[in-house]
Amino acid sequence: MSYRVVVGVRLKEGLLDPQGKAVEAALPSLGWTNVSGVRVGKEIELELDAPDEAAARAQVVEMSERFLSNPVIETFEILRVSEIMALSQSNQKAT
Amino acid sequence: MSEPRPRIGVVTFPGSLDDRDALRAVALMGAEPVSVWHAHRSLGDADAVILPGGFSYGDYLRTGAIARFAPAMESVAAFAAAGGPVLGICNGFQILCEAGLLPGALVRNKGLAFVCRWLTIRVENGEAGGHESSGNLTIGRRGELLSVPIKHGEGRFVASPDTLERLEGDGRVAFRYASPGGEVSEDFNPNGSTASIAGVWNEAGNVLGLMPHPEHAVDPDLGPTGGQPILQWLLSAARARVPA
Amino acid sequence: MAPVGGAGSGAGLTGATDETQPRTPAPPAEPLHRTLGLTDTEYAAIESGLGRAPEPTELAMYSVMWSEHCSYKSSKAHLRTLPTEGPRVLVGPGQDAGVVDVGDGVACVFKMESHSHPSAIEPYQGAATGVGGIVRDVLSMGARPAALLDPLRFGSLDGERNRYLFGGVVAGIGSYGNCIGVPTVGGEVKFADCHSANPTVNVMCLGFAAADALLQSRAGGPGSILLLIGAATGRDGIGGVSVLASQTLEEDAHESRPSVQIGDPFLEKLLIEACLELKDLGLLEGLKDLGGAGLTCAVSEAASGVRLGADLDLDRVALREQGMEPFEILISESQERMLAIVRPEDVGAAQEVCAKWGLTGAPVAAFVDGGTLTVRRGGEVVASLPARSLADEGPEYDRPAERPQWLDALSADDPARAPAPSSLEDAFISVLGSPNVAGTRWAFEQYDQLVQGQTLVGPGADAAVVRIEGTLRAVAVSADGNGRYGFLDPYAGAVHAVAEAARNVAAVGATPAAITNCLNFGNPERPEVMWQFREAVRGMGDACRAFGTPVTGGNVSFYNESAGSAIYPTPVIGMVGILEDYRLLVRSGFPAEGLAIYALGDTRPELGGSEYAEVVLGKVCGRPPAVDLEAESKLHRLLAASSRANVLASAHDCSDGGIAVALAESAINGGVGFDVVPAGGAAAHLWLFSESASRAVVAPALGSERALEELAAAHGVPCERVGTTGGGRLRFGDLFEVSLNDAIVVYESTIPRLMSAKRAAV
Amino acid sequence: MSYRVVVGVRLKEGLLDPQGKAVEAALPSLGWTNVSGVRVGKEIELELDAPDEAAARAQVVEMSERFLSNPVIETFEILRVSEIMALSQSNQKAT
């Protein structure tokens, strides 16, 4: 099976996020005065082959711990795992 | 009578870095440097405007993404629409693209790292439109080589295939990165820019953006002076607007 | 998730535990002061000074101020022996940065600091925040930061972790320096296995100010207001000073996560502009940076400096995080903050300038008579201490020092006695392509070298040269250390470091003026490390006295060791020299064909601790080359005089790799080959690779050969013609030759090749 | 109402993503030979006040079009919209 996985990698809570702060500071002058708590992180999308969804997820968790995130300053979250249909079946639902 | 001394405005955004260098360079070239503050709408009666290099707003989110909303940028847009000459250098180029005053966008270097080095760029169109005039209002003849420095982490020019086709067809590619001998190839493309593009013109030919830093290549005591013809274009274009 | 509250969180104080945990204090295994890193004797001193037991908040303040990092308790006694005065010194040690007069009314402010420990844990942010910190030191004297240098030391690039550290540190320095618009113009990159777990990351900044407009950190009077400008205060580096910088890194270093800080270079840029504008408008009495020990250090030092006390109201400190305890606010090391000392009537105007740059300027404290630092939170007094006791009355130790026995065997093993190499050409290629010798373009191309428009000579040369706007003057600056020499003889290592730095500055034609330094050592509680330290300080002092280059400041980084194994004892010297007319600057590359090449100075069979011994013989042994301080001074004077007389077409100092490498670098930098006749006959390798001190390779301008010979004779410097420039080859007489192109490939490709082995990408 | 929204911003397909490539190239040597199509984008988290979820979503879409992404080079996707409970109710489920 092939899965497409989306991982979010963020600065740990409490750590200064200069990017998020700058975006937040810019929003009011663009008309959005109702926004707070902006954090900018990384979104990593990838495709991998795995026997099933649980295995795919477990592998991406390990990958995120060891490589995709820097555990000293970042945390990660698997945002989505979806099965990729073979091309010929791309319009069918998986069973 | 000596030629009129044009006023060149240099916009300082929070995080602009080469603003003082641009002011110094245009003064050295014979213009009157004028500081413009991002939060003001006034361009200080400038006859031409430079958006300088640097890391406006830290380059956070995207390069130029926040600076382009500055009050001064409304004035720059109006100035450009009225035919005023505008030069965007590095971060200034990025801001012009974000603001839609130039086509395309600048993304992370192919090699991922920031690159600071002297290199050669080849003049493709010394003025927009592909024709070649010989006056002051051109940067140089096609094929002329200029030695200038680059220093950026996000200078890879990209645009949609349509846009690229139009840029090439309309003679709006100003410069390409080249070998010291003038050959354009991936070996001499420092950031992976599409078609080695280092700078582009707008449609009307009065707005120019480039990643290299002409303001750091005007003082012979510091190195080559390939920036002079580029700033000379800006000064000439500005002079043409000074009421006689 | 690893529990928060490991080594770095000041465990034991309530607020330091994970927010989600119920706050049940851990059973007190140890008295609080010990957990905070204070000894029983230190605790007793605090108690007797106060005449009472300190409150926990107060104890936390003492623990950071009396840490090694802030109090210099192990090093002070030795540093006091250094020469600190000279005609050009405007400000010596004791301030945030040293200052020399460079003439024409301009002052050069400069300082070097270490950020090795944070970089070992998080290389990118650790190095980046190191740049931020040293820039604020220079800023606090009222100078515009104008140039950065980054002397770096790592373990072998064959190791994945070392590549990660090197890559991260370089990217971090670049990211910060580039974003604040301060060019990085020089530095060093060295490799040795002893740095595998303990990289050495030193950063030097220099800046310029009008000599009559310097700021003082000792300024203001009763009633003066202290404005905290810049970033909001978060739980950054809580315990970072005392824990990160004062305890040896252990295997579980990554547990000290909360101590890692994220830099915001954009904010730093705004801070630079705001502070300089405040100064230009005459709104500042004084300015202090916030670094180690945060507000506690800045406020207590500011007050103690003018023999006053201060009322500090923590409610006025803008906080980034909720629920911060007083002690956390007091010792937080959040980056990008400055403390401005302003007259009460100027507070409004000063705040307007801050607002213009998008910054807050919060009046957090006021000076008061009486010497007491009183800290309030919510109206309650949370600490009340004599400011002096925190800032100036820390402990001082004369720790035992003992020369290690293992040095004897190493000293006795003289590499000059080893047989000549079977192939001189192979030996030459090995030395030229050694990562310690090879070009560092891979690193310095990641740095903006040009911003501010005054860089006459950037990285990759002997000394960087930065022009002073509006004058003909320029400052030459070089940062140098030699770990192997220090390891084999710490006294000689320090002398060499000063000598090489001065020689580099002299090679471009400048006159060495003064130094700053960073002393990188292991654990000072070990007698052998303390001996190394003592010897190095003695050597540095002797060399500085001989060259007339006083010490204006510096920094000590101890505890650079893991599992009892320390880094090479490495003093890194930052030398500043003055060039009166930058048009007389001499560059290191051969600029043309057909020039005579001369070797200045005596070449002796000295291979102890040399690059040749390490890469060809595979050993670090012997005694470092002797340094005759008088001969070294003569060489510096000759080089400056030759520049003034406009006699030289190129000059390059001889150091790592000897004459062979000096010649090769001159050829590579100038793009012109050479033909030389090596001396030494059967022992040609000694001539090629000896690292004898006090030498340079120069090419006089055409027709100036006699003038050079006469100048050399007048200065008492041996001067021997060794060959001629020209052609596309590096030709060592009949011994061997290498094409210039091949040499360039060897020199330029070493580090990129090692770094491309595999890259940590995200 | 307060909503926490997570937006993913990605380089358009067809644009070279050197960061994604570098990650992908490093994975096999770490033992993952089954991964492909790695793309590294940005993940932006923010909190905003809006009358209801649809309004929150619409506002973030507009913000993403105008500011958070550059349509010349990027696409975006709202990855998540979740209601933030008032503090006093933080342990209760929303109704």
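Every chain is named by a letter (A, B, C and D) in the order it is written, and numbering of its residues begins at 1.
Rule of thumb we're sticking to: a residue touches a chain if its C-beta (ideal position, glycine included) is under 8 Å from a C-beta of that chain, and two chains touch if they have at least 3 such contacts.
Model, not experiment: these values are computed from the prediction.
J.: Just to be sure I understand the contacts, which chains border both chain D and chain C?
T.: Where chain C and chain D share a partner, that partner set is A, B.
J.: Select, from A-B and B-D, the pair of chains that is joined by more C-beta pairs in contact.
T.: B-D
J.: Between chain B and chain C, what distance separates the C-alpha centroids? Give it in angstrom.
T.: Taking the average C-alpha coordinate of chain B and of chain C, the gap between them is 37 Å.
J.: Using Cα averages as centroids, what's the distance between chain A and chain D in whole Å?
T.: 7
J.: Report the inter-chain centroid distance for chain B and chain D in whole angstrom, where each centroid is the mean of the CA atoms.
T.: 33
J.: Touching at least two other chains at once: which residues of chain B meet that condition?
T.: In chain B, 57-58, 60-61, 112 touch at least two other chains.
J.: Which parts of chain D, given as residue numbers and ranges, touch two or more other chains?
T.: Residues 19, 22-23, 26, 40, 42, 67-68 of chain D each touch two or more of the other chains.
J.: Find every residue in chain C that makes contact with two or more other chains and list them.
T.: Correct list: 264-267, 358, 760-762.
J.: Taking the touch rule as given, give the residues of chain B at its contact with chain D in the complex, in rising order.
T.: Of all residues in chain B, those touching chain D are 61-62, 65, 97-98, 104-105, 107-112, 156, 158-160, 192.
J.: Would you mind writing out the residues of chain A in touch with chain C in their complex?
T.: That would be residues 9, 11-12, 14-18, 21-22, 25, 42, 44, 67-73 of chain A.
J.: Provide the residue numbers of chain B that touch chain A in the complex, in ascending order.
T.: Where chain B meets chain A, its residues are 57-58, 60-61, 66, 69.
J.: Of all residues in chain C, which touch chain A in the complex?
T.: So the residues of chain C in touch with chain A come to 121-122, 125, 231, 234-236, 254, 257-258, 260-267, 320-321, 334-335, 358, 760, 762.
J.: In the complex formed with chain D, which residues of chain A make contact?
T.: Where chain A meets chain D, its residues are 4, 6, 8-10, 20, 23-24, 26-27, 30, 32, 34-50, 59, 63, 66-68, 79-80.
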